[in-house]
Amino acid sequence: MIKNSIKKIGVFTSGGDSPGMNAAIRAVVRTGIYHNLEIVGIREGLNGLIAGKFTKMGARSVSNIINLGGTILKSARSEEFRTYEGRKKAYDNCVENNIDALVCIGGDGTFTGAKIFNEEFGIQVIGVPGTIDNDIFGTDNTIGYDTALNTAMEAIDKIRDTATSHNRVFFIEVMGRDAGFIALNSGIATGAIDILIPEQKDSLEDLFENFERAKKRGKNSSIVVVAEGEKLASVYTLAEKTKEKFPDYDIRITVLGHIQRGGSPSCADRVLASRLGYGAVVGLMEGISNQMVGIRSNEMVYTPIEEAIKKHNTINENLLKISEILAI
Amino acid sequence: MIKNSIKKIGVFTSGGDSPGMNAAIRAVVRTGIYHNLEIVGIREGLNGLIAGKFTKMGARSVSNIINLGGTILKSARSEEFRTYEGRKKAYDNCVENNIDALVCIGGDGTFTGAKIFNEEFGIQVIGVPGTIDNDIFGTDNTIGYDTALNTAMEAIDKIRDTATSHNRVFFIEVMGRDAGFIALNSGIATGAIDILIPEQKDSLEDLFENFERAKKRGKNSSIVVVAEGEKLASVYTLAEKTKEKFPDYDIRITVLGHIQRGGSPSCADRVLASRLGYGAVVGLMEGISNQMVGIRSNEMVYTPIEEAIKKHNTINENLLKISEILAI
Amino acid sequence: MIKNSIKKIGVFTSGGDSPGMNAAIRAVVRTGIYHNLEIVGIREGLNGLIAGKFTKMGARSVSNIINLGGTILKSARSEEFRTYEGRKKAYDNCVENNIDALVCIGGDGTFTGAKIFNEEFGIQVIGVPGTIDNDIFGTDNTIGYDTALNTAMEAIDKIRDTATSHNRVFFIEVMGRDAGFIALNSGIATGAIDILIPEQKDSLEDLFENFERAKKRGKNSSIVVVAEGEKLASVYTLAEKTKEKFPDYDIRITVLGHIQRGGSPSCADRVLASRLGYGAVVGLMEGISNQMVGIRSNEMVYTPIEEAIKKHNTINENLLKISEILAI
Amino acid sequence: MIKNSIKKIGVFTSGGDSPGMNAAIRAVVRTGIYHNLEIVGIREGLNGLIAGKFTKMGARSVSNIINLGGTILKSARSEEFRTYEGRKKAYDNCVENNIDALVCIGGDGTFTGAKIFNEEFGIQVIGVPGTIDNDIFGTDNTIGYDTALNTAMEAIDKIRDTATSHNRVFFIEVMGRDAGFIALNSGIATGAIDILIPEQKDSLEDLFENFERAKKRGKNSSIVVVAEGEKLASVYTLAEKTKEKFPDYDIRITVLGHIQRGGSPSCADRVLASRLGYGAVVGLMEGISNQMVGIRSNEMVYTPIEEAIKKHNTINENLLKISEILAI
């Protein structure tokens, strides 16, 4: 392992926050300090990089955060970073503060920014996938995904208590603008009679058929889980159309919303974030740049950021089939 | 204690379900069996009373339910019971099945029905307050209220993680059509900067002043908790008006909805439900009728159903003041 | 309300920590600042008072702690405070730092120390009951008790899953050296077949009889909840004796231990702690001293510390009876 | 896919129970019924196979169990099945009830029994890995492991609250007789300063060095997580030796015990169990026998039972290193 000569690393979280980001920050800070690097925390994502919101971080500055949701460095989406002027300011800040390399914790948007920044100014960057949506290629799971699954599932479990007690039908919207991972897995885990996701062509006919079948099989209450990005229709329209078709149904709607972004991270997310934060620093030390660190089949791997953004984890077809069979 | 001669008790849950109803059913069944009474479970509330959906219940039939949300007897609102014909059918079913007395677990609507039923047909009834809203007079807490508070609080905690990370403002609607208990207590417990409840006259001016003050004090993110029945405006309108006033605010809305009705009951709710279920049966045995059993200042008390419906627990004024002071 | 002339208040947590102490600290700090008082945080309890571990606290210094278990001021038991020399040092520190009054958050031991300190040096003190054991007179609940109940209950729920699956008998020790409140309530909430607490004379005969009865009634698994301070025997001895009597029983033991002291406080505990922290500061401003603030029947009350220590909340006899009836 | 001619499948859970077993049973039952097979539930594991405790199961018989810990079929270890006579009885029961194939949900011991049973009597068997220990080869995760990790982590989080508040050292024993997976992952997730597992040679010197280093770095409290099967010493001895070496340490011990076996399964465990239950039935239909179904790298795979028992998942060396670095 040929170590390169970096001495000071900046770390930030950007885009939508996800549970486990703090565990990743902690891992970056401590791995860096263990290897005698200086670590600088950049507050409020790419905006903070432009505004120079830098703080030196020591091993104790990340004590007692591994279990906290959100991100102590705060996060933001940055319009200014989309302009060359914004990025130039950010680069000047890095130079002025002797920052050799950046660990960029976030999703698609963050990675796109990091890639351009690297290509324009040559500064070494590495991505750490932090988003609840699991829509990043190059890692089996993104940080926060497992926690979001459990949060969604626990919320739906609670709704199921009241659905069952009242023989009701619930349409439940979970997060996932482009990806149905949360919907599919939380739907299977809560025995949803139908799961609607953007990766799959859905139709009202199929949905209604599932209702008919459920009825025939003696089911008195039903949960339908719908991804935010479902193309067929929103939960509101779906509920309305269903009511037209089955006027005697007692239908309710719940949009789970932002509760899915918060909460203390699950064990899997804390371990994943710890490994990826470690892998990011070690990767930078080895000279890796413009890549994202991930875990695939339990091994640490680095994927070009371009690929991480462009490609997508595909929905397991088998899982879709299982979800249908088990909902009978 | 002069025991009266009842031999067979029917028990049902009616109206909106609440966590702890199963613990109450269990207590009714086991207290009855302990005293050599027969217990009949009536499914689907007052509808089941009309339709004769009766099941004999033994001590083992309520095993492993004390920790379950919802109600194994299922619940429903009944239009038919509002008619004399409906109630007559219900009474005939009771006579036919030798049911001497009824334990009615539910809220306002359930109690109103029970009261009329008692007055028309003379059948002995006792009410057990089961509703998450805590809007029943004659008991410090209703069954399910404490659990709903914790559910709302935990959801808001999660939202606060993401609000803090993004410097956002969240308007969060919690349940409570006529009562602000859930909003007030979950708001205090999560450090809300404002809490809007139907019992209090609110104004946009006060709300905006709270935002200004929070800003001045260095708060970067804010939670506003709003009861479902708030009279000033809905969370949607409140968010809109706030955005007009503070255009730079990053505002989000969450309606917690039905997750607040479900979930495994808290310890306090299981103990309360156990005591009230016991108290209901013992009360019936002592000849008490047309009353509701409650716990006030840790003592079991019986309140005429009429009073339980008409009077209301008032919001603690001191608590409102504390909520303001602590949000600085 | 005649305000007295205090300007600066010190606050500390002492003795065993309990969930909600942070919420109480927050309430003390913010109520003080709202009333233009200075607030000083004293670290590590009475030891810190002696060692002068003082920090000025502002409204933002208690941000985001209402939901955290433990105590940010840390806690300790102090041997040195039992000596006059220790207390003299503590007093000199108060004088030197212009501390007019102390808010003492803790239990029995803390209150005893505070009382002596007040009597010796005349400094104004007020107690806030923070202990999971609920063994303080003058308040219906102590801070942390409700959370500990839920923690114990949730742990026992998990154990019950495996007990039921294997037809096993579990002896579970919960905290409570002198008081059986946690054991009694968590036992009722989990359907324990027997609950052994120090306030009650227990015998092996009664225990064995409960086992026999449970068997007869068709119960295949059983939970026995035992308070730490149970006088009959430890869980280990109880298990051994039971095995001798019922050799075919598959018996297991769990000592829940310190998990009961931690965790994010429940809604009830956060609200209680907020009210009591507020009440402590307001009480001091009104000149109240050598008293403890509590909530009884939902009203704020002040009780002489001497009484709070000497008297005890008694176990509700009715609850004991209910626990037996419901375990059939 | 050539379907074989099986018509009736028996399913049982055996050995230590684990969260998610119910989800697996549900998946077996519904997948079978979907494919027009008959499904028979065998109660109490291999004992029930010998005693003929059989129940026909329909799609509704597994409603509302996906979220429950434990196993509705109950579990047991069987001495009698170790004898030929026992197995012969079991086989005769299968013949008599026209059971063509068995789905055996459990761990090592269960699989060993199933393998012998298959080899002696030729009955088709397939294994489903259900154990919290994750010590089965042929699957990345066993059913229940992820839930147990989260349970252990949440308990340690609570203990950390009180450890931090009191500057204490805690030795915490987690489950894992032969495998350190739970200890290693829950230890990383909770920032343990040392993790002792059977797969690694540990020494008191290394442990003490970690304590020294933690002290130097300013850590005031420490968690040491120890696997049940650790060879160096028990938590009791470790605590004693540490006290001798560091007499001023305030040391406490917690044995988490059976809480780790129970609880509502995590999303990952419910999905895993659903997939494996499905895979077991489909495998049997395809004629697969004497194999275990698992998920590796997100794909369903079948591994000879012999291999599943003999080989072992190895601890990720990298993870051990990360655990040390991050605890600085």
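All chains are identified by letter, namely A, B, C and D, in their written order; residue positions are counted from 1 within each chain.
What we mean here is this: contacts are C-beta pairs under 8 Å (C-beta built on N, C-alpha and C of every residue); 3 or more make two chains touch, one makes a residue touch a chain.
Every value quoted in this text rests on a predicted model; they were computed, and no experiment measured them.
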Subunit B and subunit A - chains in contact with each
none
Could you find the chain whose CA centre sits the greatest distance from that of subunit B?
D
Between subunit B and subunit D, tell me the centre distance in angstrom, where each centre is the average of that chain's C-alpha atoms.
39
Rounded to the nearest Å, the gap between Cα centres of subunit A and subunit D is 28
Residue numbers in subunit C touching two or more further chains are 157, 160, 164
Touching subunit B in the complex, subunit A uses residues 13, 16-17, 19, 21, 44, 68-71, 74-76, 151, 155, 157-167, 170, 252-263
Subunit B partner contacts - residues on subunit C that touch it in the complex:
23, 26-27, 30-31, 33-34, 59-60, 63-64, 66-67, 140, 146, 149-150, 152-153, 157, 160, 164, 185-186, 188-191, 217-219, 264, 266-268, 270-271, 274-275, 278, 296-298, 300, 316, 318-319, 322, 325-326, 328
